[in-house]
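Once you scroll down, you'll see the structures, which are given as structure tokens.
The following pair of complexes shares a single chain, chain A, combined with chain B in the former and chain C in the latter.
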Partner chain A sequence: MFAEFVDGPFWYFSVTVFVVGVVWRFLAVLRAGRRPDLSVARASAVVGAIRTNLSRFLPRREIAGRIRLPVVAGYMFHLGLFALLLFAAPHVDFIKERITGFGWTPMPHWAFILASEFAFIGLLILWLHRVLNPVTRLLSRADDHIAAILTFVVMLTGCLALFQSFEGLRVLHLFLAELLLVYFPFSNLMHALMFVPSRGYTGAMLGRRGIHA
Partner chain B sequence: MMAKCGATTRHGKVHIGRWLACLLAVVLVVPLIPYTFADKPGNGNVPNPGAELWREVRQREAPTVGTTQVQGVDTGVLINVRGEEWRQFRMQTLVPVSGMVLGAAVGLVALFYLVRGTIRVPGGRSGQRIARFTEYDRILHWSTVFLFYFLGITGLVLLYGRFVLIPLLGPEGFAVTASACKEGHNLFGPLFFVVLVLLFLEFVRSNIPKWVDVKWLLKGGGLFGGHASAGYFNGGEKIWFWLVSLFGLAICATGFILLFQNFDQGRPIMELSHVVHASLAALLIAGSFGHAYIGTLGMEGSLESMTTGSVDANWAKAHHDLWMEERKAKGLDNDIVSQPQAETPENKTAPGYQT
Partner chain C sequence: MSERFEQGLSTLRKQMDARVVSYLSSCVHCGICAEACLFYTETRDPRYTPIYKVEPLRRLWSREYSFWGKLASSVGLGESLTEQDFADWEELVYDGCTMCSRCSMVCPVGIDIAYMIRKVKEGLAAAGYSPDDLKGAAKRAVEIGSPMGVTLATLQATIKVQEKECGIPIPLDREGADYLCLLSSGEITGFPEFIGSIARIFKAAGISWTISSEYFEATNTGVQLGNSAIAAELIGRVVNAAEKLKVKYVISPECGHAYTTIRWDAPNIIGRPLPFKVVHILELLDQLRRDGRLKTSGTTGERLTYHDPCNISRRGGVVREPRNLLNQVASDFVEMSDHGAMNWCCGGGGGVSTLERARDLRTKVFNVKKRQIDELNVETVVTACSNCRHTWEDGLEAYGMEEGVELVGLTELVARYLVENETPTAGQ
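What follows is the complex of A and B.
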């Protein structure tokens, strides 16, 4: 009964909420507009947008030493999660059956294990940094903790259900993933889609004034 | 004539039918005759024709290795007799004894709390905060804590689940739980090894035993009265560090032997690894109860060192006086993270305010 609900109605509901929510968030950003900049452009805004998008992948030299751990952990988590999401064999099958109608070559089992190890330890370190560093602790809201914990349990249940020996574990993983889809548009998880336009806007605005951001 | 012929045909059919019935009876009954005699008392000396074969297969007398096309360790052994010895040890010794050790540890901690209660900061809090652990130290510590207890819980489910969880969840519920715990245990095990090595490298220099640690131990750490001097880490903390490091590394090594079965290590090594793995893990979990107790409920001000990274100056003077003297001698006053503040409604609600 619960499995049918998770596989059927709740799946369609969560995907709908995700898509509508994401579109609504993007429209909200676009509708906010921007203040007109009447100054004479000193440099190209487009170049500034591209430069900032790329330069923010590395920490600034002045603070690189101090934030080395969260930067390394951030890459471990995000790359591990990306690999798991798109190249884990059960996910490729799921995407083929439910979404695209076609699949691609999944990663081998050893790569799955390695990616999940990277993702887990990365997320754990990032969350501990958030909680233990006085500055990030002060900046964090309940949303940040909910997003981190929800992502963690989705990853965890996915790994526990890896061999798909028990239907209950697969259903639990899918249910939590659907909760994450519902939560996604209304949370800071939107940074997964917003980071490019966000960096681009900052880079364009400052680049136009001749500032390398 | 026709009537006579019909009668002859019918008689012939009956005749054939009788013969077939007799034949069927013979086929069904004759094989049972030896069993009928064999079951009679007094015929016990008739050997079971399969006994010799199965005796050879089980290899009770000597480990005879058979011939097989499958290449690998123990592939020539059909039934592993030593496996039964390991199973008996697991069920009759490991499970009850480790359970008693864990129960005793919980009981001792509870008893100590009832007798001694929470040990307060002598002289009360000064309000002056001294930096003790860096953010990296604390991330490493809490990562180890998380992985240790995740592995501990999943491991205990695998060890005791049959006795504890089947009555609660039923066989199917336990099967799901055990499968999930096994996957989780295997996945997080290598991560524990990584953080354990990093933890060892980070703290080993401060945990080299000194004579003052022996004196600290002889005084019972000051828990039963009197003052026991200690440096950055006291004797108890150093014992815990070396237990975690050495037992932890042994647990990881045996865990890897169990996890990576593709290196032809064979059953005897894996059975021994399992016994060492589970025994040391149970001891370490039991020890962790004491460590967790004294770091939280047992001693006021201890937990702050691992949450905020700083401790109260009076706490440091009481429990790590030699460290404080060392700091003073080195002129390390720049790691005082805050000075005493007057209690006002404003600073009481400020984020950095700690009681």
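What follows is the complex of A and C.
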């Protein structure tokens, strides 16, 4: 009964909330409006927006040494998570069956283990950094912890489901992933998509001024 | 709720544009911006974390614009923005931030934190939570025309002295000149040789220029205070002066925020394009150098470095020009460890240098510049901002370094090696 609910109605509900919620958040940005920049540009705003969108994937040389821990942990977590999300064999099958209609070659088992370790270690370091570092402790809000814990349990149940091949764990994993989808648009998990306009606005402003950032 | 506080809230609400909403929606509270801010690195006080300084704006957004905030406030829960928050954040925003925007260069999700701090200032100023020193400077700027109270009589006396020293008449109110040169009060009172230097350079290069007696001030205290109405009033005076004298260009002098304000912010503050082109003095000098109209002879052999004023380099985009000029007149020019668009601020920008109460904090954060100088073992620091020069003077004195390091304005340094009438000057 619960499995049917998770596989059926709740899946469609969570995807709907996710899509509508994300669109609503982007519309909120557009609705807030922005006046055109009336200053005479020195260089292209579009080029600046694209450049900053790409350049911010790497830390600047001048500050890299000061932020090594969160940067390394951040890379470990995000790369591991995306590898799991897109290339774990059950996910490829799920995406083919439920979303795209086609699949691709999944990653081998050893790569799954490696990606899982990267994602878990990265997330744990980031969360420990969040609670132990005075700066991140001051900045962090309940939302940051809820998002981290939810992501952690989704990953944990996913790994357990794969290793144990136990239907109950698969259903629990999917249920938690669906909760994450529902939570996503109302949380700062939105950064996963909102970084594009954020970097874009700043990059466009700096680009017009001829500043490479 | 007091009327002023309500006014502050209302002003803060008006700051919620698409940029702010996208920034607040993408912040993950990673704290990386702290490591780019001299107020944090030199004090290790987490409250100086740049994104924390925009907390009043975030709280308002969270309560009135976010799903959970709206839900919580509808049942009387959740955090709300209080008048005490405004009082608490005044020191962080005005004393603990020079709006140097170094944080904006390192944010992984690309948040322009300095842009939001400027917006927080609007709210605080509207609610009456802004420093008296800055309010006084803004009042003088509006009433007298200068934040330091420099009058036309003072300017005329300074011009007379400079004319005598350089032997060249300095044009005041010359209608139809190509260039209108603005001046900062800090230059007029502290570094008047800048005026003599440009007079000599412009004569040698054949530049038609003038200074307006009606409005000559380059700085804009309205921007530093966070009062757009005052900012617009002061920009309007520049526009009027330029239109009256029918100039084609307005020159921003050696002052950081003056350049960013008139070059990049002014049209957006007054809501229409400027009827003239804006050029920074260093851009113009480098252009003249490239055109062969600015000739120099000889170089200084002193080991020197260049301090990038944040609003000229990082916020203004003038990075290459000062280096071109320096390489022409200095044989031992060395760069600081972090320079150009990633320079460290001197700690006096954004109006912080105006605040007497911020003196100790300013001295403390200047330590970052001291370290940079110690690494280089230079005899001279060249810069292009009178406000930076004043801050450097105070900082070097506070650290007992004033005897070992000379401070020079870049325009002044170039003028020392100027070839006038094809005759090298005494600077060589």
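Following the convention adopted for this analysis, the second predicted complex is superposed on the first by the 211 of 213 C-alpha atoms of A that agree within 3 Å, B and C clash if a C-alpha of one lies under 4 Å from a C-alpha of the other, contacts with A are read in each partner's own complex, and residues count from 1 in each chain.
The rule is short, and it goes like this: a residue touches a chain if its C-beta (ideal position, glycine included) is under 8 Å from a C-beta of that chain, and two chains touch if they have at least 3 such contacts.
These numbers were taken from a predicted model, which means no experiment stands behind them.
Room for both chain B and chain C is found when the two structures are superposed via chain A, with no clash between them.
Put simply, more of the residues of chain A are touched by C, taking chain B and chain C as the two choices. In the superposition on chain A, A:Pro134 makes contact with both chain B and chain C.
In the superposition on chain A, contact of A:Arg170 is made with neither chain B nor chain C. Between chain B and chain C, an angle of 120 degrees opens at the CA centre of chain A in the superposed model, to the nearest 10. By the touch criterion defined above, A:Ile113 lies against chain B but remains apart from chain C after alignment on the C-alpha atoms of chain A.
Touch criterion met: A:Asp37 reaches chain C, while chain B stays clear of it. In the superposition on chain A, A:His91 contacts neither chain B nor chain C. Of the two partner chains, chain B is the only one touched by A:Leu160; chain C is not. Contacts of A:Arg51 after superposition: neither chain B nor chain C is touched.
When the shared chain is aligned, chain B comes close enough to touch A:Ile121, but chain C does not. By the touch criterion stated above, A:Ala28 is placed in contact with chain C alone, chain B being left untouched. The gap separating chain B from chain C at its narrowest, counted between C-alpha atoms of the superposed chains, is 8 angstrom. For the contact definition in use here, the residues of chain A common to its chain B contact set and its chain C contact set are 133-134, 138. Within the complex formed with chain C, the chain A residues making contact are 25, 28-30, 32-35, 37-40, 42, 52-53, 56, 59-60, 62-63, 66-67, 70-71, 74, 130, 133-141, 143-144, 185-186, 188, 190-191, 194-195, 197-203, 205, 209-213. Interface residues of chain C, counted against chain A in their complex, comprise 16-23, 25-32, 34-36, 40-41, 46-47, 49, 51-52, 65-68, 104-112, 115, 263-268, 271-274, 277-278, 314-317, 319, 338, 341-342.
Per the touch definition, chain A reaches chain B in the complex via residues 69, 113, 116-117, 120-121, 124-125, 128-129, 132-134, 138, 156, 159-163, 165-166, 168-169. Residues 135-136, 138-139, 142-143, 146, 175-176, 179-180, 183-184, 187-188, 190-191, 194-195, 307-309, 351-352 of chain B touch chain A in their complex.
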